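Notes follow the structure.
In this document, chain identifiers A, B and C correspond to the written order of the chains, with residue numbering beginning at 1 in each.
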Amino acid sequence: MKDETAVPLAVEPALVPARRRRRVRPGRAVSPYLLLLPALAVIVAVLGYPLYRLVALSFQEYGLAELIAREGRWIGLDNYETILGDRRFWTVLGRTVAFTAVTVGLTMVLGTLIALLLARLGTFMRLLITTGLVLVWSMPPVVSVNIWSWMVDYEFGVLNWGLAELGLDYFARHDWFVNPIEGFAVITAIVVWGAIPFVAITIFAGLTQVSGEMVEAASIDGAGAFRIFRDITLPILKPIFVILASLSVIWNFQVFSQIWIIRNARPEEHYFLLSIYSFVESFNASRYGLGSAIALVMVLAMLCVTFVYIRQMVRIGEID
Amino acid sequence: MSALAQTAQPRRRRRLRRVVRRFWLNLLGLVLFAVMVFPVYWMVATAFKRGNDVLSFTPQFVPRHPTLANFRDAIDRELFWSSVRNSLIVVGAVVLASVVLAFLAALALAKFRFYGRRAFVVIIFSVQMVPLAALIIPLYITLSSVGQVDRLSGVVIAYVALVLPFCVWTLRGFLAGVPKELEEAAMVDGSTRFGAFVRILLPLVGPGLVATSIFAFIQAWNEYIIAYVLLSSASKQTVTIWLANFTTGTTRGVDWATLMAGATLTALPVVVFFVLVHRRIAFGLTAGAVKQ
Amino acid sequence: MRLRLFAPAVLVVAIAIAAATATGASQASPAKAQADALTVWLMGDAQANWPEAVAAATQSFKSRHPGVDVNVQYQSWGDYKTKFEATLSAGSGPDVIEFGNTDVPKYSAAGALSPLNRSDFPNSGTWLSGLTKAGSYNGRLFAVPYYAGARGVIYRTDQYKAAGITKVPKTLAEFNAANAKLMKRFGGAKNRNYSAVYFPGRYWYAAMSFVYDYGGQIAKTKGGKWVGTLHEPKALSGLTAWRNVARSYSRANKTGDEAHPQQALVFAKGSVGSFVGNGWEWPYALDPKVGNPALAGKIGAYPMPSHTPGKYMPTFLGGSNLAVPITSKQKALAADWIAAFTNTQNMTRMATGGGVIPNTTSLARINASKPTLAPFAEAAKYSWFVPSTPNWANVESANVLQTMLSGILRNPAKTKELATAASERITEILNAR
């Protein structure tokens, strides 16, 4: 269903009395630039210089000595060559892309299902579950990841204990992080668990925009739940889905603290994602030029991954 | 059977089906709640455990010797109240500023066609892709040059700048989802375009505003590294720094029970905020909407 | 009309920021005092374990410099270096800063620290050589020794007795024999959780002691460059000896470390016969809140024995140093505060109250009469330290040793392979740039 709001004014004479059309000239009203100005001003003022610095530093050698002297050494593309020539970088990149795909997929699917469930529940249950979701969402990583860390602990973890009690002896005193597949299963669970509340609550907020009358009319006409979802709900939710998915991609691509904390600030190399690789290789070693280059490469990678969405956005100019 | 009874039976069956469906849905909801909230429960349960019951070969689902000592220790710990107060100040300012600024900017991006709009949209979207670790030191230099280091206002400004892209982006999406007829309907009343925005759109994107403000609240409440780097004085510390001191403050062990008690206490403001605003999420288009 | 929209937005933002600023401003001291205040960054350990020493130093400092305030800010081990570098980049920062001793070479080599004169500080003639070496670079002193920690074997005296171990092991062979007895008496099928010696896989501070005991080392200089030497025969013997201990007598997590969970607390749970720990871990196991006070009187300690009779296994000499950053505007005052803080009286306070090893050998006997502290001071007689080079900190951040150690425990047959890989990585990192 094409987005109604994209239809320009001129083609809607039936909806708007001719007399009124004159009143709604865009030029007379508030300038969009003025609306945009405050937000833009804050972003530029605070992030403008750091972003400029980021780009500049990526072409410099900037270690501790340069930090103290407050002057870097220009080395052109050397930092980029170092990164792109590092075999480990490519492995980590691939791993990050796979991890992002899995976590975003799971988050979106589960979040949507939960939102749909919320829409069908009574007030009390709905409040109970949304409060639970907000509790999960509001836990700071230092607390929630440590709790998870205990839950999967080798000796004292409730997960191992529970599974052993069920008779699965393999899990008695089982270290979940020896095998990277098991380790990433745990990390994925933590990330998805932490991401679901926001997605579920936002989609639920979007669901409230779906007119109840339309749904009831459709169901009286005989449409099943799935068709209602596909033909009525989905089109209205589409902008929100795309937003959430693209934001989830950006956030999950940069996952850092969950892995950092659950490996006790010393992750093994097979748990490196791009942000950890960046931190260990550069910032932790005070090599800020290299770190900036890696950051820009990450931005580039994210732009590529969300490219399709951006192109659609720019080309169709979907909103007016 | 009488005609009345004949129609009564299918109605009763429909009602029964609905009740059964309700039951299963509620059950599913409960299971979901239990699974999602289990780690939170574990945190709260640990807060009530004695220190040496925290690590146990047989996990204690319900504390065998519940105690309030951890809460007392957390509250008595230095800087607890001051860090809560600082966090509340920072968060309040951030939510207020970011929601207002973001709504205005989102209006511009969603409802107007103007030169450079596409560029702005892409920029605002892409700014979020920059990893925070890369920005810390330049950010510190920027704020230091205007004397905003070791000041709560510096932290507020930094946080607003960091959550704005997301808030603008999300609100833009919500605004885009509002059909144009509603704006037209408002303007029929003779109001200006901006008046229409405020009177009609604002309530309609209420849910979006709530979701955005909760996001801004939580981001500001839980953010650590920027607050840690920018704030040096103990009196300016926020809650996350206070919590982090438990785990890495000394080389000696971590008092997990007290940490969890502190974490439980500091989670309360978020929950309170949510409870205050959650009703807005439920109000939908029915408030003065156009009939289909 | 334009004002209608603009004004409210600006007003709201202005109010928000003003509110935050107002609070901030009211908490800031008058500008004059701030300019004269000495900023000191210490770790939380000082606040928790010897606050009287800090107070005494500040008091003595203020009596000599009446107009100058001292502002002590306690930092977190987790991210203090990031914070420090941020302040360096802005040209500001503390006047005195505490570093972990393995972190100092990186900053002294980069010129981030101000050179100091040994003669300005008390007891400098008898400073512990390990800490002094860590704090010096190219023959100049950049960071004053603060305190050290040594590790010994902390054990359950009652379990040793029950297993028939009558005397404290004096050689590695005796140590292993004792452990075997403990496992037979308490472990195996009787208690799958039991460890005669609790040795998490990534506990490199204790594991590397074996390497140094057999004459090996982590790296050495050769022709101006560093070379990793963990794959050489002596180091391999050490690694093999460690591997045998950890695999036979420990049920600890092979990829865990000594702090997660805190090994003293696991010890307090009762299924552990002994572990290698710092002096403070003994009273920590007895902590009324998180430990087990019922174990008081059932704990003892002895220095980890060497495989060579008559010696102890070298212990890692951990500790901290105090430095004056180059960005400080009051370097002389900073040095003066450090001198006040590290004088004999305060060192005595730290050693007796905090249970650490003081920075001077003249006080080495101070805890000799205390059975809970004497073994650790004794163990410090034989010590080892990491390669003294600025890039060492990067080896630590890259977790080279931990990866090697946990790999060896899980694949004992690959010991030589893993050690070689680690050596190569160390060579690469130490020689980088």
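What we mean here is this: a residue touches a chain if its C-beta (ideal position, glycine included) is under 8 Å from a C-beta of that chain, and two chains touch if they have at least 3 such contacts.
Please read all numbers here as calculations on a predicted model, not as lab measurements.
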Study note, to complete from the structure: The chain pair joined by the most C-beta contacts is A-B
Study note, to complete from the structure: Farthest CA centroid from chain A: chain C
Practice item. Indicate the whole-number Å distance between the mean C-alpha point of chain A and the mean C-alpha point of chain C. Key: 38
**Study point:** CA centroid of chain A to CA centroid of chain B, Å
**Key:** 15
Practice item. Using mean C-alpha positions as chain centres, tell me how far chain B is from chain C in Å, no decimals. Key: 38
Revision key, fill the gap. Check: chain A positions touching at least 2 other chains come out as 30, 35, 38, 42, 67, 155-156, 283
**Study point:** Residue list for chain C, restricted to those that touch at least two other chains
**Key:** 1, 5, 9, 13, 78, 82, 85, 89, 193, 259, 261, 266
Check your understanding: In chain B, what residues contact two or more other chains?
Key -> 55-57, 97, 101, 104, 137, 141, 157, 192, 194, 244, 247, 256
Exercise for review: Give every residue of chain A touching chain B within the complex, in rising order.
Suggested key: 3-5, 7, 12, 15-17, 20, 23-24, 26, 29-30, 32-33, 35-36, 38-40, 42-43, 45-47, 49-51, 53-54, 57, 67, 114, 117, 120-122, 125, 127-144, 146-148, 150-151, 155-158, 161, 193, 196-198, 201-202, 204-206, 208-214, 217, 236, 239-240, 242-243, 246-247, 250, 253-254, 256, 275, 278-279, 283, 288, 291-292, 294-295, 298-299, 302-303, 306, 310, 313-314, 317-320
**Study point:** Of all residues in chain B, those that touch chain C in their complex
**Key:** 50-52, 54-57, 69, 89-90, 92-94, 96-97, 100-101, 104, 136-137, 140-141, 144-145, 149, 151-153, 155-157, 192, 194, 225, 228-229, 232-236, 241, 244-245, 247-257
**Study point:** chain A-touching residues of chain B, taken from the complex the two chains share
**Key:** 22, 25-26, 28-30, 32-33, 36-37, 39-40, 42-43, 46, 55-59, 61, 97, 101-102, 104-105, 107-114, 117-118, 120-122, 124-135, 137-139, 141-143, 157-158, 160-162, 164-166, 168-170, 172-181, 184, 187-188, 190, 192-194, 204, 207-208, 210-211, 214-215, 218, 221-222, 224, 240, 243-244, 247, 256, 259-260, 263, 266-267, 270-271, 274-275, 278, 281-286, 289, 291-292
Point to revise | Of chain C, residues touching chain A in the complex | key: 1-2, 5-6, 9-10, 13, 78, 82, 85, 88-89, 91, 106-107, 110-112, 192-193, 202, 251, 253-257, 259-261, 266, 326-327, 393-394, 397-399, 402-403, 406, 410, 433
Point to revise | Touching residues (chain side chain C, partner chain B) in the complex | key: 1, 4-5, 8-9, 12-13, 15-17, 19-21, 23-25, 27-28, 39, 43-45, 48-49, 71, 73-74, 76-79, 82-83, 85-87, 89-90, 92, 193, 259, 261-262, 264-266, 268-269, 271, 280, 284, 287, 289-292
